[in-house]
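Structures incoming, each one as structure tokens.
Both complexes below contain chain A, partnered by chain B and then by chain C.
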Partner chain A sequence: MELDNITRPAGQAQPLSDEDKRFLRELVETNRGEHHGRLSYMDIMFELEHHYGNSLPGPVLGEVARLLGTSPAQLNGFVTFYTMLSTEPRGQHVVRVCTSGPCHVTGAPSIVAELKRLLGVELGETTSDGMFALEASSCLGICGVSPALMIDDDAYGNLTPEDLPRILDAKRAGGTQ
Partner chain B sequence: MKLFSTQIVVPVDSNSVLQGALEVKHVLEETIGKYNLGSQVSVVETGALGIYDQGVVLAVFPDDVYYGNVMPSDVEEIVTEHLLKGRVVSRLAIDRNLSSRRLVEKETGKSQQKIVLRNAGLIDPQSIDEYIARDGYEALAKALAMQPGEVIQILTDSKLQGRGGAGFPTGLKWGMVAKEQSDEKYIVCNADEGEPGTFKDRLILEGDPHSIVEAMTIAGYATGAHVGIVYVRGEYFMSIARLKKAIKDATEYGLLGKDVLGTGFQFDIEVYRGGGAYVCGEEFALLESIENRRGEPRNKPPFPPQQGLFGKPTVVNNVETFANVPPILLNGSDWFKSFGTPSSAGTKVFSLSGDIVNRGIVEAPLGVTLRELIYDFGGGVKGGKHIGFIQTGGSAGTVLTDKFLDVPLDFASMKTNNVSIGSGVILVASEDVPLLPFLAEVAHFFWHESCGKCTPCREGTLQVKTIMDTLVNRTADPASLQHLGKLLNTLNDTSFCGLGQAAPLAFESALRNFPEVFDQALAESHVPEVCQEEV
Partner chain C sequence: METRMLNVKINGRDYQVPDGTTILKAAREYAKIDVPTLCYLEGISEEGACAICVVEVKGARNLQRACVVKVTEGMEVWTNTSRVREARKLNVELLLANHPKDCLTCERSQNCDLRELASELGVREVEFPRTRTEWLPIDNTSLSLVRDPNKCVLCRRCVNVCAKVQSVYAIDIMGRGSNSTVSTFLDEGLGNVECVNCGQCLLVCPTGAITERSEIPDVWKALGDPDKVVVVETAPAVRVAIGEEFGMPDGTQATGKMAAALRSLGFDKVFDTDFSADLTIMEEGFELIGRIKNGGVLPLITSCSPGWIKFAETFFPKVLDHVSTCKSPQQMFGTVTKTYWAEKMGIDPRKIVVVSVMPCTAKKFEKERPEMKTAFHYWQEKLGLKDEEAFKDVDCVLTTREAARMIREAGIDFANLPDEDFDKPLGESTGAAVIFGATGGVMEAALRTAYEVLTKKSLAKLDFEDVRGLEGIKTADVDIDGMILKVAVANGLGNARVLMEQVQKGESPYHFIEIMCCPGGCLGGGGQPISDNPDIKKRRAEAIYREDAGKPIRKSHENPEITEIYKDFLGEPNSEKAHHLLHTEYCDRSCK
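Right, the complex of A and B next:
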């Protein structure tokens, strides 16, 4: 589906700057040190997403594949397998709303419906102002306070539809609630 | 050294923090300072107490008083009444029986026999000294003084079985790896907790990370491995941070590294993160993911003990399994077998969720019944309602009626009573929750999480989802239940790994236990055109 994503410049078409290249080189070397000579692609991808605004641009992946000594196709296969990673541009904040059993039983369907309404997007889409990406998530492991969602690294539990505007507004304003 | 006469314990696990625990702690410290109690009262951060539906919880020791739903505005009253005057603030006090220790005591007549959660809620999980003060790393020292074979023998005798869902005997697994000749071996801890409704591993990692570090090191010594890897769910940010700190502190104390406790034994532990893929809980998919590939399972045999990570002999155990190891080594296999049932030794950590009064974590001896878990610990169904259905074991588990309330839960209960224990999920839905949309969500889950490697699972989960959706929308084909039955058999018989093989469990058990719900959906189904008109 996204096999040509690596060679197709995603987003900005300009090539990587020297600064980008230096950043990527250091990132890979730091990771190698942390894992006793092995590497964790996942750690590297999370760092990249953090750096490049919640997605993995094609040219960056191409350069990283070269640094990791793997092929762009292999790396693309890796990143497109894992739900938390995205090769498509995503919003500034990723809203992961849990739809699994315990949340479903305690009201997730109404939470999902209200999020869609408030943000004006479907699951898997980003708001037009680029602020929020709305994603359905499998169990987040905080079922003691279901229904729950995470925005970036922050979890929110015991949700009612009425709580959502306040949570989203706080994120929009740059706070954590 | 400073001696405090009173300790106030504040849980700061993910669940508690998002209910406002940090703010309460901050106000508490300020108020204690204001009343000049700083030299007598200490405020200690800890992992979860396993009580989630009581808001922010504080425990006061040695008084053994628990306060629930504590707001920052309540703190002043607790400090002036309880700490200054010694009077319990009864309007905030909660029943500490909610804490699971009680059931173990009731069942065995012994006190302090919480095994897996022995430290959760009692120690500061970020303090290696507090772990050591509670016999931490003593089991490691004891193991290092034994022959590796003796360590494995104790585990084998204890009859400890894997707590991740499959129930494979741990001693046997370690023995298989120990007897392999190889230049390298690996100890992998499966902390990719993804079975919906399971949050016990998170609690262990956040509340007692050193127990995992200690147990993995023991496993390394027993099997001849020098590298341990913990694969943690990507979303478990606090677990990852706590674990990394525990590893760093243990290394500084000489409990990890080139020369563990001066014995010359070398062992290091690294943390790898998951990327949001349920299938990576399958052991080979997990190993593939550590090897920087797509998390797709491998062919078995060979099994991980023969050819695991990087093709080397590998122990893969669940977090809860590891957490059982140090107490077994300290107290012996007979002690461990004194809990549980003849077929299943020890305790199990259950995750109670859904429409239940007290959601949270309960550690109880194997053989405990659903009735005890749901009514004694869980406090029953919310709003005094009846049980609609119960799902045990997770999404890859069984859907039951309340007729199953008295079945003892252990590793044999699937065989004897068709009740799955799985990862210990107890999800309760009240009579108000319709079954079919819930099952459609479960079907959607498996379709989304199928890795796509094998056809039966990739296509089968899609077909199950499609049929469930038509049952929900009342547009089902009259033959759809027969199709569903065949599909489930095919999934179970021919899927490549456990994901596809276990996916049918929820639907098979629901068809068996709630046939009338399916029959009604069929009876009410119309051809789609009619449906559209109705809408």
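Right, the complex of A and C next:
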């Protein structure tokens, strides 16, 4: 058996640019100063998602693990535990519809169905124009205004299917509510 | 401070247990009731992940996981109520829902904890359908290990042993809930990440989710080829463990039966890696003496354990110039067989197939390292060989388990075989070589030789008790005629890491360090029989030291075959020829 992997170090499949490396070093340093240990991971991951278009590319994670002094596998485990983080490329805006209990009983299924129809995608998919990724989410913590969803960092509550075109259009146009 | 004793009632009977005792321990050790467990591994994996060990506790609404819940004063525990039995059964059934039911053909069918549990708990059917829609891909990227995530029950034992014992952290739980898997960084596979191939994960896996990459078919093929001269070498730790595979008591010295069985399998020559272990001591011992006399890089660190070597290359590239340049005994053996022995016997080296039986999965990786083709380079000019005709020094590596499987397949009644000897000339060895199989053994063997070479005096007592035993890190000051040699021995990579951080900082007080990748040394290697005896390493170690004590020659430099190979072939230890054939180099695998 021929071995091209026998001398290759882990996590170096695609090298990062110097610019990427500088950005990551500064990001990790800043967050390390504010927090300790795994607490800082989430802040770093959010920053990374903003920077890399709602996803966490593998080589970036490898480099961040090295800078944090943690194992790449552990960081990967951390990232994949949270459904809000993704290692796969996603749309420009991430639509997270809550499907937990309170939202479910107040109408989440009809919200999900209407979003699928309007966007033409299934849960976990991105629209063909790359604008929206549709995802089911666990409780968003705003059960008082259920059913609810979030697009990027903005929350929307007391939803009916009829509200959805307007919300999506506003996002598409770059606005917030 | 005296530990407070707590009163606990287990199944209606009163016991007193020390404060801090888990319900599991109280039940097993005090009440003599075996609460079943699956994910639990004492001191390593205590997470309460599988919920098989549930028990009823008076006053608690839910069933409690006995492995993580500690006894409190006056606690009343019930381990065998219908609620408990039903819950355990249900939990096993849930685990079985996604498990492939291919037990008939599974490698672990005879020693699978999950199958045993299902049988003990009386699970006769699985009501639940599969929830996973697809079969997960099998990880075939490693030269040593194969992972079948479909058989994984997410107990986390492998994750914990990799992290807590070996400090490698190559695998973790990815995703969450019922969709989670154990995997590597970005699912790149064990062959593409930091994994050092030690196989400790395989030893603790309760199912057939982790197995060695089997080379049995290659060995059968070689044995069936009349044009090949197939020789086998056996590592020191194999002889004290292989008997377990045939129902012999733990700690049986099965050296003679092993030699007989391998000969019976059809190997043309049954040689002994112990011979090249003696050779390693000559080379490494003289390397140590040379470094001490000439002010070379110290501490010198041993290089026999390929898991340790990949660990150093990955995590401690700065210490590589401390690591002995000596090849491991397995690789020295391959080179010597295809050069010295081939020449002596007049056999075309291309016809020789070297098979080694090892307690180790990392050896499968080691033999594939591109630099391990020394015999080919030795012959290339003499025989006018082309580059594409290159052959490896060692062709196949079988684990102890694989060798036992072949012996069973051939119908050989191992336990009742009359003892036989190894073949000459690569079969003679000393007690110093035998103890390579236990942590501290290489150190002790090297000290026996270094002492006598340096002082030109005979050692009064050959046993260096300070470096024996299963503790993670052992240290000793050895008086060599007034010169104090400071030595340290670590087994398990978590312990190695402690010593290497010292070396890296330039703060290591030692002259010589022995590192063995696996806990207990090779006798606890990832290629050894899977045992449920918690004292198994102790039993195997006792057998190794018995074997050493019973050897007529116990110092490597007194092995007559070693004297002969230096006289006839290599010249002096560390000679240019010895360096060329028996030494190697390392590469930096760290992420920069």
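Here is the rule we go by: the second predicted complex is superposed on the first by the 157 of 177 C-alpha atoms of A that agree within 3 Å, B and C clash if a C-alpha of one lies under 4 Å from a C-alpha of the other, contacts with A are read in each partner's own complex, and residues count from 1 in each chain.
In the analysis below, a residue touches a chain if its C-beta (ideal position, glycine included) is under 8 Å from a C-beta of that chain, and two chains touch if they have at least 3 such contacts.
Quantities reported herein were computed from a predicted structural model and do not represent experimental measurements.
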First, second, both or neither for A:Cys143, with chain B first and chain C second: first
Touched partner set for A:Gly77, first chain B, second chain C, both or neither: both
Partner chain in contact with A:Thr87 - chain B first, chain C second, else both or neither: second
Touched partner set for A:Arg66, first chain B, second chain C, both or neither: second
First, second, both or neither for A:Ile151, with chain B first and chain C second: neither
First (chain B), second (chain C), both or neither touched by A:Gly58: second
Partner chain in contact with A:Val121 - chain B first, chain C second, else both or neither: neither
In the superposition, chain B vs chain C on chain A residues touched: B
Overlap of the chain B and chain C footprints on chain A, listed as residue numbers: 70, 77, 81, 83
Chain C partner contacts - residues on chain A that touch it in the complex: 1, 3, 5-13, 58, 61-62, 65-66, 70-77, 80-81, 83, 87
List of chain B residues in touch with chain A within their complex: 14-15, 18-19, 52-53, 193-199, 201-202, 227, 233-237, 268, 270, 272-278, 289-290, 292-295, 351, 353-355, 359-361, 391, 395, 427-429, 433, 437-438, 441-442, 444-445, 448-449, 451
Footprint of chain A on chain C - complex, ascending: 141, 143, 163, 168-176, 183-186, 188, 191-194, 314, 365, 368-370, 587-591
Of all residues in chain A, those that touch chain B in their complex: 34-36, 38-43, 45-46, 70, 77-78, 81-85, 96, 99-102, 104-106, 109, 137-146, 150, 153-158
